[in-house]
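Labels run A, B, C and D following the written order; every chain starts at residue 1.
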C-alpha cells in the first residue's frame, strides 16, 4: 500500500523529470505518452489506495528533509479522507486534461517543456494535497507557483505572456509570505510543523493568536486562490494555453487555498473573527468577480472571473464552517469548470483561434457536440436545477441561511445576488458564442478527437456529481459529509425552508436566463459604456495596485541604486580618492624643480626644529 | 584524534606545488598548465572529499598539526580541521575544479592564470585551517594577491579601478584586523608572560568590555568587508562585473565564505561579550542590506551585476542567521552559505556563457535565449529558481532554517526577512525575463552547450537539487562544531 | 685665552648665517658654493675656539680634516660647474628645473 | 695607530685600496665588465672578511668600532655595492661609462658607508659621510651628456654641500658644548644641565637637519625625486638603499640611549616621522614615473624606520635592522629591474612605457611585482614581517599612534605600488621592445626575490641573526 501511496506522488514527478532530462532526445510522441501515462498511473494509484483513507487517515514518512535542533521536517504523506477525495479529484481531472492537452498541443514544437511543466505541476499540487507537514505543503505551494509561472508564460516569445506569468508568480508569492510567517509562528508555538500535531494542540491557544494565525493563513490562501485583494493575476493568466487554464483554474491551483483552509480548519474555526473574515472575503470576491464577468469579451476571461467567483463561494462555505460544503463545491466546480475551459478551447479552435466572443456566434452549427458539452458546463455553473453546481451552491447558501443571524442573512442575500449574476453571464456567454450566426471571418479549425472525448466523462461528472452529497430532501445520504466525517455540516432544516431556498435558487437561475435572453438573444453592437469599461478592467484593480505597490517599489529601487549606491556610497569613495589625489598633487607641486624652493624647505624645517628646542630650553 | 601523516599540510601545499608547475610549464606551451591545474584541483577535491568522509560528527579536531615556526614572535604553524572547515574546504575544492574548467580556453598567459587560481585555492584552504592568528592572517592576505591580479589583469574595461577598489577595501579591513591581533597578542603576553598567537590561548585573555568592543570591531572590519555586509559591499559588484568568470566563481564561492568563517571561528569566540552586545547592529545591517541589495539589483541592467547584488542580499540573510545566535539559525546560515555559493557559481558560469554567445550582458540587448539555447537556458532557469528560494532547491533549505532559528529569538527580524523572499523573486524574475523570454536578441554563436560546459553545469545542477532535497549530510557535519562554537559564545 | 668664547661663537654664527643667506638668495652656482665655503669656515672658527676652550687638540685636527674635505668638495663642485655649463651654457641653478613634481 | 687597529679596519681598507687600484688599472685596461666584476669581487671579499675575520680589537682609536653591529653593516653595504656593480654590467656598456672609474667610485662609496656606520666619534662619522657623499656627487652625474643626470648632480651637490656645512657646524657646536667628539659621550654630555646645554641643543638641531637631508625626511626630502630620476638607475638604487641605511645605522646607537636630551630629540623625530610617512605617501600617489614613485616610497619607508628609531631599545633596533635589510632588498630589486630595462634610448620610467611589457618579459615583470608588493607589505613577502615587527615594536614602545599612521600609509601605498604592476600586465603592448636581460642580472634579481619570499615565509634566520647582533 505504501508503494501505491508513494506512486501517487512519484509518478508525475518521475514523468516530469524524465521529460525534462531526456524528453528532447526521445522520439516525438513518447514524451506525451510518458506524461499522460504517469498522471493516469497516479490516478489509478490514488484509486487503489483510496481505502487507506479512513478515520484519521494514514501517515507515511518517506525520509527526513530538514532536521536541525528541535526543528524537523519530514517528507511525509498524510492520506486522510479530505486528502483522498482531493487526490482523486486532482489526479482524475488532471488525467483528462493531459489527454486533452495531448490533442491541443499536437503541433506545438515545444511540447516537451509543456508536458514537463504540466507533470511537475500535478506533482506539486499532489504534494500540497498529501503533505503531512506545513513545510512540505509549502514546497508544493511554491511549486505550483513556479509551474504556473512557466505554463502561463509558455509562449514566451510574446512579452505580455511572460509578464502575465511573472505577475502570477509574484502576486501569489505575496500571499505565500503570509503563509510562511504563519508557518514560522506555528513552529515557534508548538515546536512542530506537522499538520496533525498543530491541529491537535490548537485548543490551548489564546484567541488573538489564533485569529492572527488564521488571518495569515487566509491571506496565504487568497494569494493562491485569487481572492480579494490578491486576485488580479488570474484574468491575465489566461495568456497560457487552454489546458493550463483548465488545470490551474479549474481543478487545482485556485482551489489550493480552500484546501489549505480546510486542512487547518481546526485552527481556523477557533476564531469567529477569522471565520467571518473568510466568509466576507469569499462573498466579496464572488460578487466582485461576477460583476466583472458580466462585461468580459474574451471567452476565457469570462470563465476566469467565474472561477474566481465560484472559489469565492467555497471560501464563503469555509467561513460558514462547513468544510463539506466547501469541498463539495470544490469538486463539482472542478468538474464543470475543467469541462468549460476545455470546451472553450474547442470553441476557440472552431472560431479559428479567436478569443473574442463578439466575433463568434453560430458556433452551434459548427459543432453541435461541443455546443452541448459547453452548455452542460454552463448549466452547472449557472446552477441549473439538479446539476451538480445547483446542489453544491445551494448547500452553501442554505448553510448561510440556516445560521439565521443578520450577518449570515446578509451573506445569503449577497450569495443569491451573485447566483443571479452568474446565471446571467453564463447565458450571455451562451448566446453570444452559440446563438445567432457567425460574426467572425476566420475559417473553422476542427478540434481533433483527443480534444473532444475527454470532455464527455467530465460532462457526465459535472451533471451527476451532485449525487456525491445529495441532501436528504432528494433522498440522498450526504455521502461526502459522512466521508469527511463532518456530519455537523449536514443541514436539518424545516421542509418549508428547504423548498423556499430551492425555489429562490431556481427562480434566480431562471431570472438570470430570461434577462440574458432579453439582452443578448439578438446580437447588437454596443458602444463601450463607462461602467462596462470599468467592469471590463476588473474595477481598475490593476491600476490601483500599480499606484500603491509597483510604482513605490520602483521608486525606492531607483532611489537606492541611483541615490544611495551611486550617489552616496560611490560618491563618498570617489570623493576620498579625489581628495587624496589633489593633496598629492599639491604636495608634489612643492618645490617644482627649483633648487631655491627646496632650500627654503630645508630652512623651514631647520627653523621648526630650532624653535622646538628653544621652546624646550626656555621652559 | 590526531593522525601522524600531515594530511592538512598536504591539502595545503598540493595547490602550491601545482601552481609552481603551472608557472614553469606556462613559459612554454599553453595547453599544459590547464591540465596541471585540473589535475591538482581534482587531487585537492579528492583529498578534501576523503577528509569529509572520514568525519565522525564530533566536536573536537579531526586533524590537527602544530609546528614551531617563528619563535621570535611566538608564531606557530597550527592547522586544525573539524566538520565546519571540512565542509567549506570541500566546497572550495569543488568550486575551484569548476573554475579551472570554466577558464579552460584561457589564452592570455595561461600559466600565470592557473597558477594564480591554485594559489587562491591554497590561500582559501589555509584560511579555513589556520588556528594561529598570524598564520590565519597570512593566508587571509594571500587571498588578495591572486584575486587582485585575476581581476586587474584578466578583467574587462574598468578592471584597474575594480581591482584596486577590491584590494583597498579588503586591505583596510584586514589591517584593522592585524592591529587588533598584535595588540591582543601583546595584552595576552603581558598578562600571562607567554607571547603567542594561538587562538585557544588568546581566548583566555582577560579583557575589559571596552577593549573587547574595540578588538571586536577591528576583527569584524576585516570580515564584514569580505562578506560583504551593507554598507561595505560596493567593491563586490565591480569586482564581479570586471573580473573574469573564474574570478567571479571564486569570489562568490571562496572569498565571501571566508568572511563568515572568520566571524564564527575567530571574532565571536574571542570576544563573546562584545559579540553579544553588537548582534542587534549586525542584524540591522543584515536586514537593511538584504532589502537594499535586492532593490539595487532590481534596477541593474548588467546581468552580472544583478547576480552580484543578489549575492550581497543573500549574504545579508546569512549574517542575519548568525545574529540570531542559535543552533538552527547557524546551521541554516552555513547551509545557505554553501548552497548560495553553488547557486551563484552556477549563475555566473551561465552568465559567462551567455556573454560568450551574445557578446552582451545588458538586459536591454538580451532576450529570447530559450529559443536558441534551450539547454543553457534551462540551467539558468534552474539556478535562478534556486536563488529566489524555491523550496526543494538549494537556497530554500538554508533560508527556512535561518528564518525558523531567527523567529524563535526575534520574531520581528524573521517577519521582515521573509519579505526578502519576495524581493529576491522580483529581481530574479526580471533577470530571467530579460534573458530567456521575449525575442529581441540574435546571438552570433548558435551553439548550445558543448561537452565541457555540460561537464561544468551538470554537477552544479545536481548539487542544487540534492542540497535542496536532502541537505542532511552537510548539516550533520556542521552540527557539532557549531554547537561547540555557540557554547564558547556563552549563550544557551 | 684672549677672546672670550661667546664672541667667537657669535662671530661664527654670524658668518654661518651669512653663508646660508648667500646660498639661499644667490642663483649662481659658484656663488652658492662660495656661500657653503663661508659656512664651513665659520665651523672651522668654532672648532678652533672650542679646542682652545677645552684645552684639546682634537678640534684643530678636525679643522684640518674639514679643510681637506672641503677642498675635495669644491674640486668636484667646480668640475660639475664646468660640466653644467657645457650642458646648458649657464650656471644659474634656477634654469635647472627639467624634473619636477 | 697600531697593527691591531689596521687589522680591525681591514674590510674598509680593502675597499679603499681596491678602489684606488681599480682606478689606476682602469687607466690602462679599458675593459668595463672586467673592472666591474673585479670591483664586485673586492666588495665581496671585504664583506667576507668583515663577516668571518674576527677583529683583534673592537674600539679603533676611539673613532671607529669593529663591533658585530658595525661589521654587519659593512657586510650589508659591501654586498649591496657588489650587487649594484653586477647589475650595472649591461647598463655600463650601453651608456659607455668609464668602467674603472665607475667601479672604483662604487667601492669608494662602500668604504665610506662602512666607515660611517662603524663610526663612534663625530670625526669618523663626518669622514665617512663625506667620503660617501663625494663619491655620490660624481656617480649621480655619471651619464655623460645627459642633462637630467647633470641637473640631478647639481641638485645633490648643492644640498650635499649645505648639509655638510650643517653637519660640520653641528659637530662643532656639540664639541663646544661637551668637549668630546665621541658620540656616546657627546650624547651623555647633552644631559648635563650646565650653561652650554643650549649650545648642544642647537648643535643637535643642526645635526637633525643634516641627517634629515641625508635620509630625506620631510621637509628635507624635496631633492629626492629629482635626484633619483636623474641619476643612473643603479646609482639611484644605491642612494635609496645603502646610502640611507648607512646614515640610519650610524645614528641608531645614539638614540638607543635614553635621557632628557634624547627625549627632546625623539619628540622632533616623532613629528618628522609622521610628516614623512603622510607627505611621502600622498606625494607618491599621483606619480607616473616609476623612479620618482620609488623615491617617494623610499621617503615613506624612512618614515617607517623613524618609528623604529624612536622606539629604540632592543626591540626598535632589531625591527629597524630587519626592516632595513628587507627594504633594501626590495628597493634594490626594483631599481635593478629598471636598470635591466634600460637600452640605448634611455631608461623606461613612465608607466606608459611599461604598458604590456609583461608579455615580452614575463620573468622581470613578475619580479618587479614581487618587489613592489613586498614594499607594500603584503604577505607572504618579507615586507609583511618587516612591517609586522615594526608595528609590534611600536605598540610595545607605547607608540601605537605611529603604528596606526603607518598602517594608514601602507593602505594608501597599495595604490601607487600596484599601478606600475597593472601597467606591466596591460593587454596592449607598448611600442618599445627591450632586449633581453643578461643572465647574471636575472640570476641576481631572482635571488633577491627568492630571499624576499623565503624571508616572507620563514623570517626566523634573519630574525635570530639580528637578535645576535643586537643583544
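Note that contacts are C-beta pairs under 8 Å (C-beta built on N, C-alpha and C of every residue); 3 or more make two chains touch, one makes a residue touch a chain.
This one's a predicted model, so the numbers in the text were calculated from it and none came from an experiment.
Of all the chains, which has the CA centre nearest the overall CA centre?
Smallest centre-to-centre distance to the global C-alpha mean: chain B.
A-C versus B-D: which interface comes out with more C-beta contact pairs?
Counting C-beta pairs in contact for A-C and B-D gives the edge to B-D.
Round to the nearest whole Å and give the separation of the Cα centres of subunit A and subunit C.
Centres of subunit A and subunit C (C-alpha means) sit 97 Å apart.
Where the CA atoms of subunit B average out and where those of subunit D average out, how many Å apart are those spots?
43
Roughly how far is subunit A from subunit D, going centre to centre by Cα mean, in whole Å?
Roughly 78 Å separates the two chain centres.
State, to the nearest whole Å, the distance from the C-alpha centre of subunit B to the C-alpha centre of subunit C.
The mean C-alpha positions of subunit B and subunit C differ by 65 Å.
Of all residues in subunit A, which are in touch with two or more distinct other chains?
If we look for residues of subunit A contacting two or more partner chains, we find 588, 591, 593, 595, 599.
Note the residues in subunit B that touch 2 or more other chains, in rising order.
In subunit B, no residue touches two or more other chains.
What positions in subunit C touch 2 or more of the other chains?
As it turns out, subunit C has residues touching two or more other chains at 20, 23, 93, 96, 98-101.
On the basis of the stated criterion, which chains touch which? Give every pair.
Going through each pair of chains, those in contact are A-B, A-C, A-D, B-D, C-D.
Touching residues of subunit B toward subunit A in the complex: what are they?
165, 231, 234, 292, 295-296, 298-300, 326-328, 331-332, 368, 370-371, 374, 378, 385, 390-392, 397, 400-401, 403-405, 407-408, 411, 414-415, 418-419, 421-422, 425-426, 429-430, 433, 436-439, 469-472, 475, 479
Would you pull the subunit D residues touching subunit B in the complex into a rising list?
Counting only subunit D, the residues touching subunit B are 358-359, 362, 366, 373, 378-380, 384-385, 388-389, 391-392, 395-396, 400, 403-404, 407, 410-411, 414-415, 418-419, 422, 425, 427, 458-460, 463-464, 467.
In their complex, what parts of subunit A are in touch with subunit D?
580-581, 583-585, 587-588, 590-591, 593, 595, 597-599, 601-602, 604-606, 608-610, 612-613, 616-617
Sort out for me which residues of subunit C touch subunit D in the complex.
Checking each residue of subunit C against subunit D gives 5, 9, 12, 16, 19-20, 23, 29, 32-33, 36, 39-40, 42-43, 46-47, 49-51, 53-54, 56, 58-59, 61-62, 65-66, 69, 72-73, 76-77, 80, 83-84, 87-88, 93, 96, 98-101.
If you look only at subunit D, which of its residues touch subunit C in the complex?
122-123, 126-127, 130, 134, 137-138, 141, 145, 147-148, 150-155, 157-158, 160-162, 164-165, 168-169, 171-173, 175-176, 179-181, 199, 225-226, 229-230, 286-287, 292
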